[in-house]
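The following pair of complexes shares a single chain, chain A, combined with chain B in the former and chain C in the latter.
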Partner chain A sequence: MKKLKKYMHWILLSPYLTLFVIFILLPIVVAIYLSFTYFNAIQSPRWVGLQNYVNLFTRDEIFMQKVLPNTIKFSLIVGPGGYILSFILAWLVAQLTKIPRTIFALILYSPSLTAGVTMAVVWRVLFNGDQQGYLNALLLRLGFIDKPIQWLQSPEHLLTIMIIVSLWSSMGVGFLAMLAGILNVDETLYEAAYIDGIRNRLQEIIYITIPAMKPQMLFGAVMSIVQTFTTAGIGVALSGTNPTPQYAGQLIVNHIEDYGFLRYEMGYAAAVSVVLLLIIYLFSRIAWKLFGDN
Partner chain B sequence: MAGFTTKTNPKRFHKSQLKFYFILAPIAAFMLLPIIFIFSQAFKPIDELFLYPPRFFVRRPTFNNFYELFAATKGSSIPVSRYLINSILTALFTVIFTIIISVFAGYALSKKRFKAKNLIFTINNLALMFVPVAVIIPRYLIVQKLGLIDTFIINVLSLLAMPIGIFLIKQFVDQIPDALIEAALIDGANDFQIIFNLIMPLLKPAISTVGILAFQVAWNSADASTYFINNENLRTFAFYVSNLTAVTGNTIAGQGIAAAASLIMFVPNLVLFIFMQSRVMNTMAHSGLK
Partner chain C sequence: MKKQIVLIFLILTILAFSSNSTFLTYTIGQNNKWKITQDAYLVSEIILDDAGLYYPEDMYLKDGKLYIADSGNARILVYDLKTRETTEIGSWSLFTPTGVFVDDNYIYVADIGMSEVVIFDKEGNEVKRIGKPKSILFGQYTKFKPKKLVVDKRGNLYIVSEGSLDGIIQLDRNGEFLGYFGANKVRITALDKFIDLFYSKEQKERILTRAPKPYYNLAIDNKGLIYTITQKEHGDAIKKHNTLGNNILYLSRLDSMVDEANFVDITVDKDGRIFALTETGLIYEYDQEGNLIFSFGGRAIAYDKNGLFSVASSIEVDDEGRIYVLDREKGIVQIFNPTIYATLIHKALNLYIQGKYLESKSIWQDVLKYDGFSSVIHNGLGKAYFQEGKYKEAALHFKVAYNKREYSDAFWEIRNQFLQENMKIILIILFLLLAFFEIGGRILKKKNIKLKIQIKNKLLNDILYLKNLLRHPIDSFYYLRKGTHGSVLSASIIYALFVLVVVFDYMGRSFIFNLNTSERSVGYVVLSIIAPVMLWVFSNYLVSSINEGRGTLKNIYIFTAYSAAPYIIFQPFIILLTYVLTYNESFLISFGSFFVISWTIIVLFIGVKETHDYHLKGTIGSILYSIVWILVIVLVFSIVYMLWDQIFETVYGIIQEVLYRVR
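Up next, the complex of A and B:
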């Protein structure tokens, strides 16, 4: 009995740790291992060293010319962009009294409650390519365009629409955390700062609000990184095809699926996964540098 | 002190706050548009769906699209209610088990003293940024090795490891004074009694928040159904909706059905959040990462 008590923390942690290892840690380890192999899901993996990475960066034109630039553009705008937007909106909402604040916060948060991929069926109607599409009908009536635009099938518009849709739903958990953070900044800090010579609201935000809520800023940043890369598959859902038209909306997540599940080049797909994990890690390193304690 | 006419978290209305309303109102309207559109579209009768030029708002609302949705079957004989029941069960089990697992782990990480504690918490913080789709292929291979392909429980199991859940619970348990737990230990309570009788009631806001996040993931996620399940009987409603155009075709009548289905996806999330919002905000106040 006594012995059991001594190991109680492991007993309590074991369900979580087991699931964590199986569904988070092990997949990462396996991805790294497979990325150094040739593996077609039928024969056992054959070690090929860095070949997959060499091919990825030197031979895979689609990856270097489309997928990587798309991913960088998408994640830079939706990630930091959505994050800054979340903070600004959280701050604006925090300037209101309780009831209107709650209503506005609810409205801004509710898009993130719509299920990313399932929402695509609705977007397809709004952005429908013929004149029945709501956006086309509106623009035709206002005289901005003279014939309907294939929003989701044309390479020049798809990525933009993906970005708008993702930004629309980017006020998620991070937004709520930052709102709570702004509301909980100690009021006496502001009073002291005004005595010390702060003159306007912008200075107040930069010198008081943000430093006082750094932990929430960091949490919000990590959440927007996760959200950005989780919604990144939306291009395929919107256009209805993988690959997307002329790879215009192709992001790394789709490239992984393309090679893994459509071509069964799992080793190669794993190398793409590792590159994606590194990109995510890089983004969060920057967030920790900006807002972390150490 | 001109700065104090407008301030953060005001108690009363002041006309200086009007400018914030002027900025927020159009943004809020823009955010609401697609959501109003789902509602409007879902209740449109067939002739309004066919209308040209298309009209945004519904004039004569009907439940027709919902009837059509439940009447439609995917070629085979599987009714939509089957997917819906799978989703409800998946969400229910995911919420219950995520809460229990997170509370156990969060309590251990907060109140127990052992060597690896900080290391585990640090790793968990790092895992907050984990994006499951990034490693979907190794995940698939592991699930296959475990013999969990085409099982109902993989819907639930693949979602239970939720680093954010452990993180939020641990932050909240940190607020509970150690003395309270020590007193209970002296009275002879064991850890499970402490968790269920002492900690859980005090953790209501955090548990509600983790529950709601688990619900959203479980309800919205089509991943397990897409990658791990081939048997239509075991797939979830989110999967059904995301493949709806394959069922109804991208026809105009199909658009109304799709909107009805999206509405069914959206409303439970919204209602739950409205009920829980003050608890969620309370939890978020302790969400800081250091």
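Up next, the complex of A and C:
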């Protein structure tokens, strides 16, 4: 009996642990193992050491010239941009009374829910390549352009449009968490702060709101980092082609899909995934440093 | 003996640099500047000086015969270059021929006086006349004034009509209107849009002429592509059109061609090199991509010289590379023969296009002996090396040619090679470093040791206080004002650091990312930083002392220095980054700089707010007033300076006068 008690917590933990091991830990370990092998999904994996990684950083010109710069540009703008936008909008919405607040929160949250539908209904119509597209029609009427621009097929514009669309739909779970965080800040703290000499809303945000909702800020940051780095479908959905025109909208996950499921070079794809994992881990660490409670 | 050697050397140098040419040949050299190079073309002979040409407007060369549209005499003059015989065509049927084109069977003449295109066969018999197109699409009231024309292999006519803003008129062989071809674009600037807001429709119609510029002349190459020139344009005066009419000349699309606003004629040789002629007689030769190879010729101002022109009107080039230029004023044709130098360059360019990189390389190396600093040569040599895979040499030559884009590509390859050779080591070292810090951090945490170096020196501490501005700007500015941290001395040192970083930013970037400031002196840069900053400190003090600001002059001096913290700390890293990045990753540099500078401005803003204890509104007001004050100070200073200058000059003049009288 006593012996059983000693292992009781393991038994209680076991449902979670089994699921965690099967669905998260095991895939990661297998991916890391596969990244050191050559594996084409038919023959058994052959050990090649660091070769995949060396190839990735030296031989894969598309990765180094297009995919990596695209991903960095995309995530540097969409990550912090979407995060700041989420916070500002959450703060603004939090100032409203209950019923309008709920309605606005729902409106702002809906783009991230309905991304697939709105992509077809809103954005592809807006950026349509012929003169019927809203943006083209507007610019033509104002006389800025003299013939319609192929927004979604042109390598110069695709990434910019992807960034705009992603920013628009970035009010996701992080936004909701921050809204809840702002609403949960103790009102008495503000009163106390005003007695202590705080005089405006900016100081209120910096000295009270943000410190009081650090956990939600951290959650929002990690969510936005993970989301931006793992975005994949957007370029393909907008341009309608895979790979995107001249790799203009190719992000890391597109590259993984390209090698994994089109060329069946699983080992190489696994190596790219591991690099992606490391990048996400690195940025999450920075987020922890900024918002974590140690 | 020694004297003799010196003398021989002197003669040799004179011989090497002297030429029997009356004009100089220019090319683009280092730093994208004009430079004199060896003679590329020399005048071999002058023909038709006794043919009685009177204001000839156009010339076409076909099968060894020159066809000249002799406008003043209303005829087409045919000159056989071999037999040196002249014949006349259309003496009785033409009025003012201004354009001529010849294909395998027919001679096409654009007659602006009769508003018709007249077609003759090779014997000179009139075959057909094409008048104004009757199609409704062409327009009932549109004028048809054919000035220049070319004909493609299918017999379609491309006509430049005088005053036509819609582009080139395209007709089929029967004279049916096919459509307009590739009109120029109107550029509407932000200023135009602004004017639009205020002007009424009538005013706009009266004042504004926003018509596209008409084409002036055109040419066709042996692939059937049309080349046009537009006057009063810069950067894209020359255009090469595909069959849709779109401009496909790479440099011209970027608006960055080296060209002139007064081109009158253009022609293309069999290899696709473009020759353009200005009214003043300058001849520009470009390669297939629109890079300038040579510029030579010029205007005969005081007296006639071979190779110079009074008013040039037409240019042609034959298969041997000889250039024929028609002088409208004098009614003569001058023939330019390419020198060995030019022939070699042409040969190398052709070999490169054919993909024979190795052969082109050896020729380029020969040509380099003629001119060691010509962009064209170094570009060609760099490209040849690049194709060969010798990226280091390629980068070297691209650098001399000031070709940043190609240099960036070569540098990418060099970096890639380096990574390929050392990737395994780099990966292992990175992993070890990561593990080391991770484990080290864990151990320190476990044993609760804090690694903190205590610095006793107050001044050093004050300077290092800079880093606190990054994370806690509001608190740090509070302490700076209180005087707990920071002093005038530390602020001065930080100013010096700031200046150092700015100078580094201006001068120390890598070749790919440099700001084209190689000729600017360090002193100029330093002065242009210190002056505004000190003006800011002073005017902010003036403004805030009226507007209930808390900060004293000392406070303002100190906080301004400290608010440069993000720039001082992070910009050097960005500058160092320029040495490993290429154009591919240029986004990182621009984004990083933008980020650092905006951060600095935000910190400065917070600094004003905290130092003077202002509200948001007061802060913005204070900053705007300070800027206005800076402008006022500059204005007053310049007026006073000018007045003093006057007084000084007057006094100086009087003294001079007195001294003169006394003497």
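As a working rule, the second predicted complex is superposed on the first by the 265 of 294 C-alpha atoms of A that agree within 3 Å, B and C clash if a C-alpha of one lies under 4 Å from a C-alpha of the other, contacts with A are read in each partner's own complex, and residues count from 1 in each chain.
Here is the rule we go by: contacts are C-beta pairs under 8 Å (C-beta built on N, C-alpha and C of every residue); 3 or more make two chains touch, one makes a residue touch a chain.
All values reported here derive from a predicted model rather than from experimental measurement.
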Worksheet item: Thinking of the overlay built on chain A, is A:143 touched by chain B (first), by chain C (second), by both, or by neither?
Response: second
Discussion item. For A:84 in the superposed arrangement: first (chain B), second (chain C), both or neither?
Written reply: neither
Discussion item. A:262 in the overlay: touching chain B, chain C, both, or neither? Say first, second, both or neither.
Written reply: neither
Item to complete: Determine, under the contact definition given at the top, whether A:164 touches first (chain B), second (chain C), both, or neither.
Response: neither
Item to complete: Go through the superposed model and pick first if A:199 touches only chain B, second if only chain C, both, or neither.
Response: both
Worksheet item: Hey, is it chain B or chain C that touches more of chain A?
Response: B
Worksheet entry | Partner chain in contact with A:62 - chain B first, chain C second, else both or neither | neither
Discussion item. Contact-wise, after the overlay, does A:53 reach chain B, chain C, both or neither (first, second, both, neither)?
Written reply: second
Fill in: Shared chain A surface residues [contacts with chain B and with chain C]
199-200
Response to the item:
Note: in the complex, chain B contacts chain A through residues 1, 3-4, 6-13, 17, 20-21, 23-24, 27-28, 31-32, 34-35, 37-38, 41, 52-54, 56, 100-102, 104-105, 107-109, 112, 114, 117, 120, 124, 127-142, 146, 157-158, 160-161, 163-164, 166, 191, 213, 216, 219-222, 227, 238, 241-242, 244-245, 250, 252, 255, 258-259, 261-262, 265-266, 269-270, 273-274, 277, 280-282, 284-285, 287-290
Discussion item. List the residues on chain A that touch chain C in their complex, please.
Written reply: 50, 53-54, 57-59, 64-65, 69, 72-73, 76-77, 143-144, 146, 199-200, 202-203, 206
Fill in: Complex interface listing, chain C residues touching chain A
185, 188, 412, 416, 419-420, 423-424, 427, 474, 584-585, 587-588, 591, 615-616
Worksheet item: Any idea which chain A residues touch chain B in the complex?
Response: 8-10, 12-13, 15-17, 19-20, 22-24, 26-28, 30-31, 34, 41, 89, 91-97, 100, 102, 104-111, 113-126, 131-134, 137, 140-141, 168, 171, 173, 176-177, 179-185, 187, 190, 194, 198-201, 204, 209, 213-216, 218-219, 222-223, 225-226, 229-230, 232-233, 237, 240, 253, 256-257, 260-261, 266, 269-270, 273, 276-277, 280-281, 283-284, 291-293
